[in-house]
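Mind having a look at this structure? Questions to follow.
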Amino acid sequence: MATKVLEVRALKAQYGPTKVLHGMDFGVEDGGITTILGANGAGKTTTLRAVCGMVRTQGEITFAGTRIDGRVTESIVRLGVAHVPDGRGTFVNLSVEENLRLGAHTRRDKTEIAADFERMYGYFPRLKERRRQQAGTLSGGEQQMLAVSRALMLRPRLLLLDEPSFGLAPRIVQELFEIFRVINQTDRVSMLLVEQNAAMALRLADHAYLLETGRVLISGSADELGRDESIRRSYLGY
Amino acid sequence: MTNNKDVIRRNALSRGQLIGLAALLAVACVLPFVVSNYRVFQLTLTLVYAIALLGLNMLTGYNGQISLGHGAFYAIGAYVAAILMDKFGVPYWLTIPAAGAVCLAAGFLFGLPALRLEGLYLALATFALGVAMPQILKYKGFEHWTGGVMGIVIVKPEPPEWSGLSQDRWLYFVVLVCLVAMFVIGWNLLRGRIGRAMVAIRDQPIAAQAMGVNTAMVKSLTFGVSAMYTGIAGALGAIVIQFVAPDSFNVFLSITLIVGVVVGGLASISGAIYGALFIQFIPNVADEISKAAPWAIYGVFLLLFMYLMPTGVAGFIRIVGGRLRQRRMR
Amino acid sequence: MDVLLHQILSGLATGGIYASVALALVMIYQATHLVNFAQGELAMFATYIAWSLIQAGVPYWAAFFLTVAIAFALGVVIERVIVQPVEDKPILAVVIVFIALLVILNSLAGWIFTYTIKPFPSPFPTAPLFGNRYVSSHELGSIGITLVVLALIFVFFRFTPLGLAMRAAAQNPVSSRLVGIRVGWMLALGWGLAAAIGAVAGIMVAPTVFLEPNMMSGILLYAFAAALLGGIDSPGGAVLGGFIVGVLENVVGSIIGTELKLTVALVLIVGVLVIRPSGLFGKVHVTRV
């Protein structure tokens, strides 16, 4: 049994008085890719935010053996969890290069950081072209690449991705997901992927959870879910 | 979910509230006869401040326009009253509506350019107004009217024969009558259509405009009415203190007024009274605690209030009342 | 012509002071979207600390740097202890907290140091440089020190990792947390720097206006005007605005007399806000419906 880099038990979350998650159990295998699918409003974004300490939660969240529920976001990040939020969260008034440098804020190893810069520019050549440009002037696709690169500059052990395909042309989505696969296999970065584009997500992931109104409805290997016609048609829209 | 009963209850006073108000009024009428003359003087000033605070609360609490310079309108009202009485022999009770009219116009005029300013920017503009006012009042060109740095001394009005009251007590009741009148007018204004428009503009200005509220007119009018209230308070204050001078209307007065509104409770009529009590009596308390640095103690009081009751006394009472009501319903 | 040149250079000297305080205001505004009304009193209090050190026999420049360090620490402590508990409370409550700070500092200064006006030494020679008749050595030195401080701040924010983190925290606290920045401490640092800059401004202006608890109130108003003129979210603009306001104050003051100087500031502030609220270099804010 492979170890889990992220284990979540009985997770409840709320925004003020509004309860959004009603007791979820899920996990991510070390080195694996897990995807969380579901309709709008099911609570997918809230799940990622809960892992990062951005909402009030109840329940247990364990990352690499350490309990992280109740901790503040910045200390969770420092343990090695990188989050690419919905809306991308780029620093729009700073340059591309400054955005990437901020990704490595918590690191001290200068030569490795420089090497990582080159690697990101290798994955996304367009970022290198625009490295002195203000991040806010980049196109949607480029900002997504920047957001992912910034998260990777942390050299995270776990990467949380919130709808990375949102608003992107299909060709770019394919490129992006290909890079995810490469990163997962060469750098052993585990991933928790929240996606609307169920087809692409299931092709990339090992394991999948289907979320409905704050609860896990179905859980299984990505292959199984992808092959099950009834699930696909009822819940995943294809 | 608010149902119809709650809406009706909010717009009219319940029997309990009416009885409470009547009792309060009764106490207010008896008070000047059981305390010393100096206390009557202090209480009269408290009532004056309450009128000023209601005016500022309309603008800042209900309409969301932050003014850190309302002392300027208080000063204008005070000087109008003083100049009319000193230079033109106008009887004191006529100067009050006069001051109100002048300040209504002044507030409306200031409100027009202020339309384009939001939040912080308006706060800064009004702050500048408050800081500059003493200098404007001291300007040599106006000295003939304003008395320059020395200011104007006012003769204390004599109570009429039939009242049988002392000067201080007579003034107390004059102010009390004005206060009741202004509060009733204000209460009607705020719970009517204009009041709702004011609050709508504060909370969702764009939606309000989209729904047909003439935002510009309401905002300028609110500024005018708010200035009018504070100007009337200024006139009354001048009559009570019998003296106006530029340096008594500096930026600290404006700061005192906004402190009173926030401590008393934003968007609350009763807040005006709590706030007035705070700004009139807490400095004395602070003085008792430390003769050497009374304002430092005052500042500490302010900090404590903001940490413990950020929504003011009225807001705190509302929260406690709500919790008590919840517990009773279980 | 002579007189005009003198007015302009003199205006640049005071302008430098306004620029420094305006910069401190903008720094805190950028990080918190709040205007620190107590900025002037912080600077005044720091200047009194410098005065006490000098009175106790500490050499001028040692007192200068020690005061700047103490002011920095004071700023950090004030943010962590007094401002942080109310940062998520309604905005007017925070304004009152700043006002309370203003009042406390002013009163404490009066109590500890009395309200008597005190002279404050200048580190620069009394004889004008090169015997020129336009600007005193102190004014020139003041401009110099101001420019050095501003340059250091610029370098810090643009070229150091900590400066970058502070800029990020001010612009986007949520994303900053996602890269591991401790946003709360960045805020405290911002306050510390603002207090330090204010201290330098106070020490530079005290020889001219003399040391007393209310010495910074007029200056604070001009600093507001400067920050607004330059653009409340533009540090460079605030600095430029400071110099412009300084020169304007002097030139206009020599025409219409000094009694209405504060009124000039008022007119300037209202004028800027009505004509172009975002100032010369600030960003125009578009509200999304």
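Letters A, B and C name the chains as they come in the text, with residue numbers starting at 1 for each one.
We adopt the following convention: a contact is a pair of C-beta atoms (placed from the backbone, for glycine too) under 8 Å apart; a residue touches a chain by one contact, two chains touch by 3 or more.
Computed from a predicted structure; not experimentally measured.
Participant: Check A-C against B-C and say which one is joined by more contacting C-beta pairs.
Facilitator: If we tally the contacting C-beta pairs, B-C comes out ahead.
Participant: Looking at CA centres, what chain is most distant from subunit B?
Facilitator: Following the centroid criterion, the farthest chain would be A.
Participant: If you average all the Cα positions, which chain's own average lands nearest?
Facilitator: Closest chain centre to the overall C-alpha centroid: C.
Participant: Just give me the whole-number Å value for how far the CA centre of subunit A lies from that of subunit B.
Facilitator: The computed centroid separation for subunit A versus subunit B comes out at 54 Å.
Participant: Between subunit A and subunit C, what distance separates the C-alpha centroids? Give it in angstrom.
Facilitator: 43
Participant: Between subunit B and subunit C, what is the gap in Å from one C-alpha centre to the other?
Facilitator: Distance between chain centres: 33 Å.
Participant: Which of the residues in subunit B come into contact with subunit C in the complex?
Facilitator: Per the touch definition, subunit B meets subunit C at residues 60, 66, 68, 113, 116-117, 119-121, 123-125, 127-129, 131-132, 135-136, 138-140, 206, 251, 255, 258-259, 262-263, 266, 292-296, 298-300, 302-303, 305-307, 310-311.
Participant: Can you list the residues on subunit A that touch subunit C in the complex?
Facilitator: 52, 54, 72-74, 77-78, 82-83, 85, 89-94, 98, 101-103, 105-106, 150-151, 154
Participant: For the complex, give me every residue of subunit C touching subunit B.
Facilitator: So the residues of subunit C in touch with subunit B come to 33-35, 37, 82, 85-86, 89-97, 99-104, 106-108, 110-111, 217, 221, 224-225, 228, 232, 259-263, 265-266, 269-270, 273-274, 277, 287, 289.
Participant: Could you list, by residue number, the parts of subunit C that touch subunit A in their complex?
Facilitator: 161, 164-165, 167-168, 171-172, 174-183
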